[in-house]
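I have a structure I would like to understand better, so I am pasting it below and will then ask my questions one at a time.
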Amino acid sequence: LAAAPLAARAAAAEGDPAILEKKDWNQYLGDGVDARPYGHPSEFEADVVRRNVAWLTADPVSSVNFTPLHQLDGIITPNGLCFERHHAGIAEVDPAEHRLMINGLVDRELVFTMQDLMRFPRENRVYFLECAANSGMEWRGAQLNGCQFTHGMIHNVMYTGVPLKYLLEEAGLKTNAKWLLPEGADAAGMTRSVPLQKALDDCLVAFKMNGEALRPEQGYPIRLAVPGWEGNMWVKWLRRIEVGDEPWHHREETSKYTDLMANGKARRFTWEMDVKSVITNPSPQAPILHDKGFTVLTGLAWSGRGSITRVDVSLDGGRNWRPARIDGPSFDKSAHRFYYEFDWDGSPLLLQSRAIDSEGIVQPTKDALRAVRGTNSIYHNNGIQTWHVKSGGEVENVEVS
Amino acid sequence: GEKFGIGREATKDEVAAWDIDVRPDGTGLPDGSGTVADGEEIFAERCAVCHGDFGEGVDRWPVLAGGQDTLSSDRPVKTIGSYWPYLSTVYDYINRAMPFGEAQSLTPDEVYAITAYLLYMNDVVTDDEFELSKENFTDIHLPNEENFFEDPRPDTATLKDGEPCMSGCKEKVEITMRARVLDVTPDTEDDESGAGSID
Amino acid sequence: LAAAPLAARAAAAEGDPAILEKKDWNQYLGDGVDARPYGHPSEFEADVVRRNVAWLTADPVSSVNFTPLHQLDGIITPNGLCFERHHAGIAEVDPAEHRLMINGLVDRELVFTMQDLMRFPRENRVYFLECAANSGMEWRGAQLNGCQFTHGMIHNVMYTGVPLKYLLEEAGLKTNAKWLLPEGADAAGMTRSVPLQKALDDCLVAFKMNGEALRPEQGYPIRLAVPGWEGNMWVKWLRRIEVGDEPWHHREETSKYTDLMANGKARRFTWEMDVKSVITNPSPQAPILHDKGFTVLTGLAWSGRGSITRVDVSLDGGRNWRPARIDGPSFDKSAHRFYYEFDWDGSPLLLQSRAIDSEGIVQPTKDALRAVRGTNSIYHNNGIQTWHVKSGGEVENVEVS
Amino acid sequence: GEKFGIGREATKDEVAAWDIDVRPDGTGLPDGSGTVADGEEIFAERCAVCHGDFGEGVDRWPVLAGGQDTLSSDRPVKTIGSYWPYLSTVYDYINRAMPFGEAQSLTPDEVYAITAYLLYMNDVVTDDEFELSKENFTDIHLPNEENFFEDPRPDTATLKDGEPCMSGCKEKVEITMRARVLDVTPDTEDDESGAGSID
């Protein structure tokens, strides 16, 4: 037998060829340590990408793509997969040519280079960033078949940055200072009005995400972090902060990011992203691939008002609920990972998750939201998502009575 | 100020170069003016390819005019005339971000003129000889200004309203809606497309 | 003036051209959301890469490259920059063809597919992984001029994985089970003996790092996480775990990863990576670029025996110490980020950091280590590092009396 | 076992295909044997290009023989003969990982023969007609076996030894050594190189 050729031996043996036959990678050398100065995922993970939906917008240059939540785990979103939303494409800023100016109601109007900013004390915090329009497609009913598209306008990143208050204190705030206008260096010149109190509380001028420099599509070299508040306020490519006594009511806080109610009136300054959760697996893009038996359900929960204290899961469309297991770090205004393991009997399921935050706010049903806000809001849809698992394991985005 | 001694004072010219924002009270408006007629011409040349000659929007590019009385309908059309609360936002946004792909290429007079034309198209001014200027700017109010109100959340249940139901919460559950767009992987010609848009 | 061409206007104005002159990115559109399905760093960060040192090894296929610690911040190492150490190059494993076998002293010898593994309960934990040879070059004295090379065989990652104990319990441990032999699917067939107690305590079969699939160079599709213990034990491309009653004394725990003492005797099973820290900035590759004034010193500290309770910093080569500020999450067996901000008077400095862990172990000086172990150990060098900052801000790797 | 009901039992053949590890007590050794002379030939053909005809190591590839009595010197040479505690490690490692780039291509007889040759080159056996086999394998002990001992750490100060000194800890401080390799960026021809290696 020892002399028999390998293939013959394997054929004679009983079992899985994946074990019985040698693989190239068991025998031959792979790339050395000089081959990948900056690494990339396995070729077998080529489908793990941000995806956009062409018909959503007029042009991909002012559009959005979505984080593949169903292919991730834990709470950190890798930088290459953090969803993108920009209004004039990715600004490719040269940090040597980048400045941050503080002007307006300050004692001294200041200019900082990147090197200047590196001299202020820094903080490291994990925060989610959710676009106010995340799940916005679903206001009128189930639309897109996959949590990447229904919930993928979110990412969760560890930022390193300078507390904005240090920069403001360096400039010296006038006593009538009440509002800030952060402004981007991109061709959209993005601006938002931010109340000074928030800025002094926990805003960061962030320059690193998950340890390395911000990615260009996330505002390289600096962006504003506005923890827990809608993503549009996290101005990217930040180049100026004006201090004022009144809000500016700029385009992104009037024409956009205001919630239109059924009666035609509209809410403004709806900044916090309310408590929300979604089951990422199983989900339409990630069906159950095994027969009945022990299975892992997992998902993400977050709240812009604090931490997540509890997530409940229902397998029967909200009739009965069980507490899920939250695992991994629980930070304020950061995504939480939850699991619910159960023995699947192979019959159809209607999966839901319901998160509760440290302020005691309970994630509402979509119908509860519609009852108070109608269906024209576009933004701030934090309703409970339902996935219909069929007996074959296939999953569909549905709504239930 | 001066806690750390880092950074330097901005020059007047530097602040002037970047300080372009405009507020509802007129703060930030530069000197200048422009008429509806001037605006029509500039708009046709630099804006209409996307937004249409009358702000009606080409393809999926934004609609800028019309939509009055649609806000409580099933398909609200949110435009400067129907939705925007303040005229300053029009000036500020066009000046900073339009034309798309050639941002900050317009002079103050051009922006005043385009803004005047947009007011005209939105029936906020009806005189086609109207001239908008720094001086008369804050006299103009957009029709929907009063219909914005401050965020009143939380507007859904909290634990104060009682513990959330854990068992037997409903009699029966039925599927009432299914995903409109089943094939979300944008890899084939025959991909379905859905309604709505993101803003 | 309004009609004057832009350049003329800018020339007439007083100030920084970076502010007075418009940049392309302020005016023109950048890449859309369909351009980068999987993102990458800015072109201006092209020098932020893993680097190897050609003369260290015979061939880059069995060698090491180093994490650019001086260019990172926070505690998370981005996946593309996690140092690589492999013994037969990067195995490019097809997960569909990958299996995990458990054999030996178990009730039932088992085989798992990747899909099987996804059905076990998961945990999310942040752990550092340090090669036992990190700083090994420095046993005989200052060698390499940069913390990337002196300390860059470490990374710190949030793992998602299945507690190994679940897999072992599924197989059913015999009463005489005491040791495990995890084995890799690569062409080095990497093996190490791991005491069962550690396996049942906190080892994970990890499949995700920082949210996404393990990178090929880090063991895709699965690796063993052995928290706090030397990196070589974290077997990559894990394909088999044998359960036994005695250790195997394989090549990587005899010929390698044993500490040779001055008297010719050698320590074995020196698993824990002891308390250690390094100042990452300033450091030889990251000099001080500004004149005297307020400056930020930062670094990393970690211990394989628990968390870091304190880091002290000295500016004068160990004569006087001040407590540093630890910022960001403090997890067990995870890197901690520390900062020490001070007013630099422009004169030369001898920078040191000294970490203390939750077991009360104090990071020793290099001379204290040499006094007990000699200079032939190669591994487990956790001595205090000294950087000499010159008056121009340049920094050099030195040792001091 | 069987808590979750996941996975399946391995077949005997599957376990046999992967269960190649060898322990000091001989567990895992396959049937077979090989002589020093056979080993010399195979070694010359499949190993010597890297390790040298006599295990002396070519360029920076590993040295496999010699180094006796260097372990307490300034430059220890750690080989199978001078350092390795167990012969089983030699068999196991060559069988699983060598030749470098063609792992697991040797038959048991070949590995026994090479191992015999390595014993001979390391003066552990002196008879050039020596044949190593499964049967006599565990009779052979490597000279350095007794010189390994269990990790005795912590071997440096802990808080129990007192609070670490915070001020005035030394009289004066002088630089005693400087980095040997100043230019660490491997981008030019004239890069310096240092001593030592990583394992």
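Letters A, B, C and D name the chains as they come in the text, with residue numbers starting at 1 for each one.
Note that in this section a contact is a pair of C-beta atoms (placed from the backbone, for glycine too) under 8 Å apart; a residue touches a chain by one contact, two chains touch by 3 or more.
Being a predicted model, the structure only gives us computed values, none of them experimental.
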{"item": "Given subunit C and subunit D, the chains that contact each of them", "value": "A"}
{"item": "Of A-B and A-D, whichever chain pair has more C-beta contact pairs", "value": "A-B"}
{"item": "Distance between the centres, which are taken as Cα means, of subunit B and subunit A, whole angstrom", "value": "24"}
{"item": "Centre distance in Å when subunit A and subunit C are each reduced to the mean of their C-alpha atoms", "value": "26"}
{"item": "Length of the line joining the C-alpha centres of subunit A and subunit D, rounded to whole Å", "value": "47"}
{"item": "Subunit B and subunit D: spacing of chain centres that average the CA atoms, whole Å", "value": "69"}
{"item": "Shared interface positions of subunit D, touching two or more other chains", "value": "4, 6, 10, 14, 18, 100-101, 103-104"}
{"item": "Interface hub residues of subunit C, defined as touching at least two other chains", "value": "16, 19, 26-29, 51-52, 54, 59, 62-64, 88, 101, 111, 116, 119-120, 187, 189, 293-294"}
{"item": "Pairwise touch network: line, ring, star, complete, or other", "value": "other"}
{"item": "All pairs of touching chains, each written as two labels joined by a dash", "value": "A-B, A-C, A-D, B-C, C-D"}
{"item": "Residues of subunit B that touch subunit A when the two form their complex", "value": "1-4, 6-10, 14-15, 18-25, 27, 50, 59-62, 71-72, 74, 76, 78, 80, 83-86, 88-89, 92-93, 96-97, 100-101, 103-104, 147-161, 164-170, 172-186, 191, 193-199"}
{"item": "Complex contacts: residues of subunit C adjacent to subunit B", "value": "2, 13-16, 19-20, 22, 26-29, 293-294"}
{"item": "In the complex, subunit A residues that touch subunit C", "value": "16, 18-19, 23, 25-45, 48-52, 54, 59-65, 71-82, 84-86, 88-99, 101, 111, 115-116, 118-126, 158-160, 185-187, 189, 207-208, 210-213, 215-217, 220-221, 237, 289-290, 293-296, 298, 325, 327-329, 331, 337, 339, 341"}
{"item": "Complex contacts: residues of subunit A adjacent to subunit B", "value": "51-59, 61-64, 87-88, 101-103, 106-112, 116, 119-120, 131, 133, 136-137, 140-146, 148-149, 153, 166, 169-172, 181, 183, 187-189, 191, 239-240, 242, 244, 246, 248-251, 254-260, 262-272, 274, 284-285, 312, 316-322, 350, 354, 356, 359-362, 364, 368-369, 372-373, 375-376, 378-379, 388, 396-401"}
{"item": "Subunit C contact footprint on subunit B (complex, rising order)", "value": "4-6, 10-14, 16-18, 100-105, 107-109"}
